[in-house]
Every structure is written in C-alpha cells, then in structure tokens.
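Two complexes are shown next, each including chain A; its partner changes from chain B in the first to chain C in the second.
Entry: the complex of A and B
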C-alpha cells in the first residue's frame, strides 16, 4: 500500500523564517499525531497537506495528489485550521451548510450533512446561534464539523483540542477515534504529547522545521526518557538530602540553590523517582515538594537536537 | 463553466445579505444620503445659492462622480478579498473544490450590487429633491448690506450672484433636461462597477488595498484626471465624464470646463470602461488562483 502522505525534501519559508526545511517523510494511513513545540513546523506541514500553502522547495503528495489549489483533492480532504476565525455573523449551521454547498451538495443535502456533523461534534443545541457568541471550544467544534461533514477520506486537524474543556477533549478524542475506526485517515497536531498519545500510537515529532523522530509512542517515550532532566526538591534539611542524592546512580549532578532548593540533574528520570521514593523515608530529610521543571516538550526537543 | 457560474451565484446569494448589514455599507449609505440632503439645504435655505440645475450638476460632478463613487468603491471593493484574509476565514474557501476565481467574482458581484443600489438611490434622491424644489425657486433679488468697520465708517455691499442664462433656462417646467439624469445615473453605476472591480482585484495581491486604493483614487486619478491633455485618458474618471457630457454638453461644460479634455463618445467610453472592468476581474482571478495566502494563527 502506498503511503498517505509523501514529502520529499519539502521546504517552506515565511520570508526569512524557516517553516519547514528539507523534510522527507512518509506517513501511512490511519490516525497519525504530529507533535512538537510551538513553531516546530507542524502547522506549516498541515497547511501544505491541506493545500493551503504551496511548497517553496521539494514536493508533497497526499492521496496521490499535489494538494495546492487542487480541486479534485479538496473533495477528498477536510481541513480544520488552527486559527479560531470563523464567520461571526453566521450561525454554526449556516457556516457548515454554506461550506457544504461549496462542495457541490444541493441545499437539502448540504443542510442534512451540516446538521449531522454539528450533532456529531456536540453542537446540536447551538447550531442556530451566531458563531460570534460561541465560546472558543464551540468554535473549535464548528471547525471540526465543517472538516468532517462531507465524509472526506482524510481529515487534517491542526491543534483541534485547543480551547476545549476536559470533557470536550475526551469527546473530540473519541470522535477522532471513531473516524479512524470508520476507515477515515486523520492527521492531528498538538504540542502536548499525551493528548496525541490518547488518540494514536503513531506519532511524528517536529522541531524547528525538521523531522525529529517518527514512530510509535513507546519508541518516542524511550527516546525522551534518556534526556537528562532537572528536578527541584524543597526539603527541611537540604544539605542532608543533597548528600544522599549524590549517592544515587541516575543522578549526574546536585546543587543547592541560594533559596535552599535542591536542583538535581538526572539521565534517567523514571529510575531517579523510584530510588527517591526509597531514599526519602530512610534519610528523613523532610521533602516538601518535588518539581520537574523541564519536562515540557520544548526542553526535550532542544536536548534531542543538541 | 456551469460549476463556476453556480458557485459565483452561491457566493453572491450568501454574501449579499451579509454585506447589506455590514458596517462599511452603513458608512457608504450615509455618504449617499448626504448628497440629496446637501442639495435640499442649498435650494431651501441659501437665498443666493445655486439654481436647481446647478444643485444637480455641481454635486453630481464634484461630489458623486469625483468623490463618492471612488470612495464608496474603495470601501466596499477593497474588502472583497482582503476582509477574508484579515479575518483569516479565507482558508475555508481556498480549501474547497471550487474555482478560486468564483470567490472574487461572486463576492465582488454582491458588493457591487449593494453599491449600485445605494448610489442609484443617492442620484435618484438628488433628482427628486431638485425637481421638487425647482417650481418654487426664484433667483433672489440683490440685497444691499450695510456694514461698519473698526473706525466706525459705514459701507454698503451688494449680495448677488451671477447665474448663467443656460442654467436659469434649463428647467423651465421644473424637470431636469432630457437625458441628464439618465446619463448621470449610468455614469455613476458604471463608475461603481469599474472602481469596485479595480479595488477588489487590488485586494487579491495587496494586504492594504484600502490605503492603496484611496491613494490611487484621490492622488493618482485626482492628479491625472485634472491635468490638461491626453493623460486624462489613463483614468476611469475621464471615461465617466465622457459619458456625462455626451448628453447636455453645454451644461456640463459650464460646470467643469477646466476638468474636461476632449471627451470620448459614450460608446468609446463604455467600451474602455468594460475593458478596465474585465481586465481587473481577470487579473484578480489570475492572482487568487495562483497565490498562496499566508495567515497567522
């Protein structure tokens, strides 16, 4: 089976700013998560996949098509962009119905599809309200509805969980899972790894416009766990704790900050926490708090790219 | 082709009510209302003001055609594409299986429809005001006013206004001369269509079409259209004025003698305006079909 998305030395710039650089990858069908910190190139890649942008260099083919301004391709894809913008003077139903009319559906069919999609994203009750009065989460749902209403083969969703409350996130994650189970391909981006992890085991990591890693969540997690992480502890007896921590194998350095915090750098954070759990009652240093400061993806990616 | 027409019609139908309720339309409507109001005030409350025919000709030439039409067209035409870009909603349209040109043409048609109705209403109301005030209008008798200067010296001054005989005799039965209103209306509507297409096309490749459009309409055209010689032919104004003077040339020449180069015939003017309109839409369609619009998140 040929890949869903094939990019070959793909490049895209915004003036002097690099959006994507020399990106070569192949993404198979099913649900795939694109993960990376803000500015990593996820949105640029998805805009290229959706046909909103044209590659400055290289080539991209999706479902066998060059996406930019390709009308035949647009029949087969649904795009939920990152920007919140949607026509505020129209109701949710009017927005989705109008966009379905642009797909060539007759008015009754366009309305039927719009209603069904809005029901599916949980916006049934608010469909006749103007979108200007919608919350961020409701606008997000409207964007998702317009992307799925024409039953595309591929749904491209850029940060679709932004602005949703925990219940909403769970609902939309469930919706994407259903779309995937129904045979639809889904490309979904997020800067939060665990959001994507809940959707799919297949992820692609982006950083500074380049492909960093691609594979299953398990593989990526193993890669991330080898990154030295900084953990800060507040304890009643900082000196005693620091000296005990020095003896632990996963700890590479210990420093006591002027405010009394104990800053630990470890190469294996999971093992460190296991050994800390055993050490704490033994040393009676009175640990009051533990913070892992650079557990965010930005720090991890910075480490991975050196 | 059928698909293009169907999508264009869909854009027209969808955007027409939205444009009617837009804030910029209210602004244009206010501008349109000011013209007949001004004529009414001049005829009703200014004793030594213009004659009825002047109250039609001067606002028509110097306000409607020279200012209101290009200004209203800049306001509504420049928004055709740039509004979608600024609002970042153009993504939804550009990723649909439609001809991108239909976005431009359909939205421009909706804008032009609203513009044409408002401007036609303005010129029509101007006619109604002038014709309603004409029967009771009489040239005011000269009035002698006595004034005293700082040193206490008394002086007399006569307030009167010379009105050419052509103007005084132009509306003997209180109605505008034949063809005058029709050509003015036609020139106004042609101007609205051509200017709005020009500025809509500008919006496909320029991020600030309103500013550039204002600069073009009032600096470039304002300069060229009033420069003696053939350079006037480079402006839309020249062809609109040519349409006007094709009927009642003796009246228009009294109003705007200095502004008029040797005018084209109405047919030639209409042909030139049609070319400008078609070229604008073709250029805009070409740009929107090929251009990528980079939007910030």
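Entry: the complex of A and C
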C-alpha cells in the first residue's frame, strides 16, 4: 500500500519567508506527530496536507490525491486548525452542524453527526451554548468535533492540545488514540514535545522549514550515536562508582555533580546498561537510582537542532 | 515509520455524501443565522426603513382612496365627470410616482447603514478568526465563499430597500382603480426595483472590498462610511467651490441618486450629467470591490 502522505521537493513561501523548503518525505498511516519549534513549518505542512495552501514548488499527495481545492479529497479529511476559527455567536452544535451541511449532509444527518461528535469530545452538555462563552479548551474541542464529525479517513490537527487543562489533554489524547485504533489516520502537531510523545511513537521533526528527522523516538535516537546520551546515577559511594564506570568501554565521560549525582555520557546506552548491570553488584557502590533524562523527545530535539 | 497496525486496517470512506449543491447557500444561511441572533442592530436598522415604507404606503393608499375625484380635468376631455376622474387619476399616478422616487432617495441611506453594519465584518473577521480555514478544508470554493458573503450582505440591503419598495409598489397597484398603476406606471415599478437592486449590489461590493482590506470589523465599518460619505462630501464641496453641480459625480451616493432619477424617470432631477457616466462609475467601484475580495481570497491561501 502506498504511503498516506507523499511529499516530493515540496516548497511553500510567505512572500520572502520560507514556510517549507525542498521537503521530501513519506508518512505512513496511523498516528503521526509533527514536532518542531514555532516557525519550523509544521502548520504550513499541515495546511498543505489539508488542502488549504497551494504548494509553491514540488508536489504533495495525500490518500492518493493532490489536496489543494480538491472537493473529492475534502470529503475524506478533517482539519482542526490552530486558529480560533469558530464564530462566537453560534452554539457549538450550530457550528458543527453548519460545517456538516457544507459536506453535503442533509439537515437531520448533519445534526445527528454534530451531536455525536460533540458528545465524543465531551461537549455534550455545552452544545447549545454560544461558543463565545466557551473556554479555550472547549473551543478547541469544538474544532476537534468538526474535524471528526464527518468520519474522515484522515484527521489533521494543528496544535490540538493547546489551551486544554491536564484532564482535557488526557481525554483528547485518548480520543486520538481511539481514532487511530479505529483505523483513522491522524496527523497531529505540537511544539510541546512530550504531548506528541505520549500520543504516538511515530514522529516527524521539522526545523526551519526542513525535515530534520523522521521515525520513532528510539530510531531517531539510535541515528544519533555520535551524540552521547547522558545517564544520571545516585549512589551511596559516588566516587567508587565513578571510578568503576570510567573503566567501562561504552562510557565516554563521567562527572560527579556537586549534589553527589554521577553523570555519565555514553555513545551506546544499551551496552552501557548491560555492563552496568554486571558492575553494580560487584562494586557495591549502593546505586539508588538511575535516570536517563535525554531519552525523551525533548532531548532528541535539542541534539538535532544543536 | 512504525504504525504498521494502522496501515493494515486502512479504512476507505464508506459513508454516502450527497453532492453539495450551492454550498454558498449554506454559508449564507449560517451567516444570516448569526446576524439574526443580535436583535438590537436588527431593530435599529430594519425598523426605520420599514416604518418609512409603511408610511409611504399609507400616503400612496390615501392618494388613491381618499382623494378620488379631487383632481383637475384633463385638457381635451372636457370638464365633465369623466374628465375630472381621468384628471384626478393622472395626478394621483404622478404623485405616487414621486412618492416612490422619494422613498428610493431615502432608502439609499438605510441601505448604506444596513450593508455597512452587516457586511463590514464578513471577510475581515473570517480572516482574523481563521474561519476560512474551516471553510476551505471543505467542498467550498473561493467563488462559493464570495457568493455566500455577497448573498448575506445583499440580503440585508434588499430587506431595507427592495422590500419596502415592493410594499409601496403593491399598495399602489392594488389601491389604484383597476390596477391603473400597474398598467400606466409599470416602468416606475420596474425602475424602482432595478434601482434598488443596483443600489444594494454596488454598496455590497464596496463594503465587501473594504472588509477585505481591513483587519477587523470596526476598521472596515469606519472605512465604508469614510469612503462613501467622504466621497459625497468631497463632491458637494467641489460642486460648491467650482459652481458646477457635475462635480457631485465624485460622490457615490450622488451617482446613485442620479441613477435613481434616470431609472425611475423622475419628474425633477437636481443633476444633469449623463447618467451613463454614473452607471460606469458605480459599476467600476463594484468591480474594484470584487477585485479586492478576489485578491484577498488569493492571499488567504498563503496565510500562516
């Protein structure tokens, strides 16, 4: 089966500002997270996927379609933009129902779908209130509801967790996971890296309009073997442990922090942990904790963008 | 990439979606729905023109019913009752004609107020909120978007101009003896409706054009009034200082008034310049408004 999204030398500019430059990538189905700092090109890419923008250069195909101004394609995709986007004078139900009418649903079906989608995002009780009175999180949910109400094959969500409280975030993350499990493809962007990491292991990293890396967090991390990974250990006898660690082959440096923590840098973390397992009972240094902070996406991103 | 599981259960859309017919109408309906939620502007902008329409209708009605047989005989028909009645009817028809012309003068202002209020925010507020992102990820073309907004703004304009004109015209037709107004003055009715429609069209296009230039409704609203009333003030000032009324052609409303006189064959007109110039000016302004909206819609494609 062909990839969900295929981009070939894709370029997009905003006047003199580069949105995306020479982007070539293929994204398979499922849930994929787009991460990168502000201005990295995530939103531009998602708008190109959603058919909002016309590529200035190159080509993009999603679900086999060229997205821009493609009515047939629009039926198969749901877009949740980053912007507010919804009119404050309408109720949540009216917003979603109206947008379903634009998809071609008859009024009763449009209303049924709007109700179902609002229930699904947890806005069932607030559906008849004007969205002007909604919190930011509720408006975000309304946008998600309109993106999923027509049961699309692909949901494109630009920073969907913005403005949600922790409970709301967890609920929406769960919703995306359910959508993915049901066979819906989800492209979701965020600059809060752990949010994406919690949603999916499949990520695409953007930086300055270019593709920085693509794959799972682990895969990307393995690609970065030239960047040492840091592991912190807390031990009863830090000096004894540090001297023992120095003898290990995968260890490139050992440092004892003022608070007594032993910070180790290693180029091969898996081998390091194997050898640490053998070393610990032998040296009797009293290891109390082991933390590998930079295994997360934040650290990977920091490494990549330098 | 991972997520092999998902690709294995790749799901095609199974639902049946009807072709979207006239998507602009859905947009129009939604925008009307939004506008009708705010009752105060509706009351303030709609009640005066409709009260005026009702008053004018009553005047027209009274011309035909209360003043029957009160006219002077028509020359050549003798001084008998038939001549008197024919003369009275002819006078009444002329008076009713004048009433309709006067109402159309007044309705320009009502149209301006309604169109400016309901139309100024349409494009710029969509742009500000990013609502276009929701529209254009659906089977709604840029042209549909334009028509949806144009229909919205034109509907409000029509409600305060075409509607009352129709009311006055109907009252004139049904209260005149043997529907004489319809048979004798059908061109006035047609002219009044055509003029009202042109008035709404031109003001709507100008308002949409200015809305597409502004960043928020208040600016667009000020821009519409500044452009239309400013051009009229400038025209009046130039006409006064140069001692030539043709300078009034600079003003949008003055051109519309010249067209009203021309299209409804007004008995007296303050202006004497060629009405085709006025038609060219207002249609040119409408075209510029349309071009500004089209330009903005193209730019919406590259808004991050």
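Odds and ends about this structure:
One rule holds for everything that comes next: the second predicted complex is superposed on the first by the 220 of 306 C-alpha atoms of A that agree within 3 Å, B and C clash if a C-alpha of one lies under 4 Å from a C-alpha of the other, contacts with A are read in each partner's own complex, and residues count from 1 in each chain.
Convention: a contact is a pair of C-beta atoms (placed from the backbone, for glycine too) under 8 Å apart; a residue touches a chain by one contact, two chains touch by 3 or more.
Source: prediction; values computed, not measured.
Chain B and chain C, once both complexes are superposed via chain A, clash.
Of the two partner chains placed by superposition, A:235 touches none, neither chain B nor chain C. When the two structures are aligned on the shared chain, A:126 is found in touch with neither chain B nor chain C. Judged by the touch definition given at the top, the superposed model places A:199 against neither chain B nor chain C.
Using the contact criterion defined above for the overlaid structures, shared-chain residue A:28 touches chain C, although it does not reach chain B. Within the superposed three-chain model, A:180 lies in touch with chain C and out of touch with chain B [touch as defined at top].
Judged by the touch definition given at the top, the superposed model places A:145 against neither chain B nor chain C. After overlaying the two complexes on the shared chain, residue contacts for A:106 are found with chain C alone; chain B is out of touch.
Note on chain A: of its two partners chain C and chain B, the one contacting more of its residues is C. The residues of chain A shared by its contacts with chain B and with chain C are 14, 43, 50-54, 69, 71, 74-75, 77, 79, 81-83, 85-87, 89-90, 98-99, 101-104, 146. Looking at the complex, you find that chain B touches chain A at residues 3, 7, 10, 14, 18, 21, 87-89, 91-100, 289-290, 292-297.
Only residues 1-7, 9-13, 15, 17-20, 23, 26-27, 29-30, 33-34, 37-38, 129-131, 133-141, 301-304 of chain C touch chain A when the two sit together in their complex. Looking at the complex, you find that chain A touches chain B at residues 14, 43, 50-54, 68-69, 71-72, 74-75, 77, 79, 81-83, 85-87, 89-90, 98-99, 101-104, 146. Listing the residues of chain A that touch chain C in their complex gives 1, 4, 12-15, 19, 27-32, 43-44, 47, 50-54, 69, 71, 74-79, 81-87, 89-90, 94, 98-99, 101-106, 143, 146, 150-153, 156, 180, 182-185, 200-202, 214-216.
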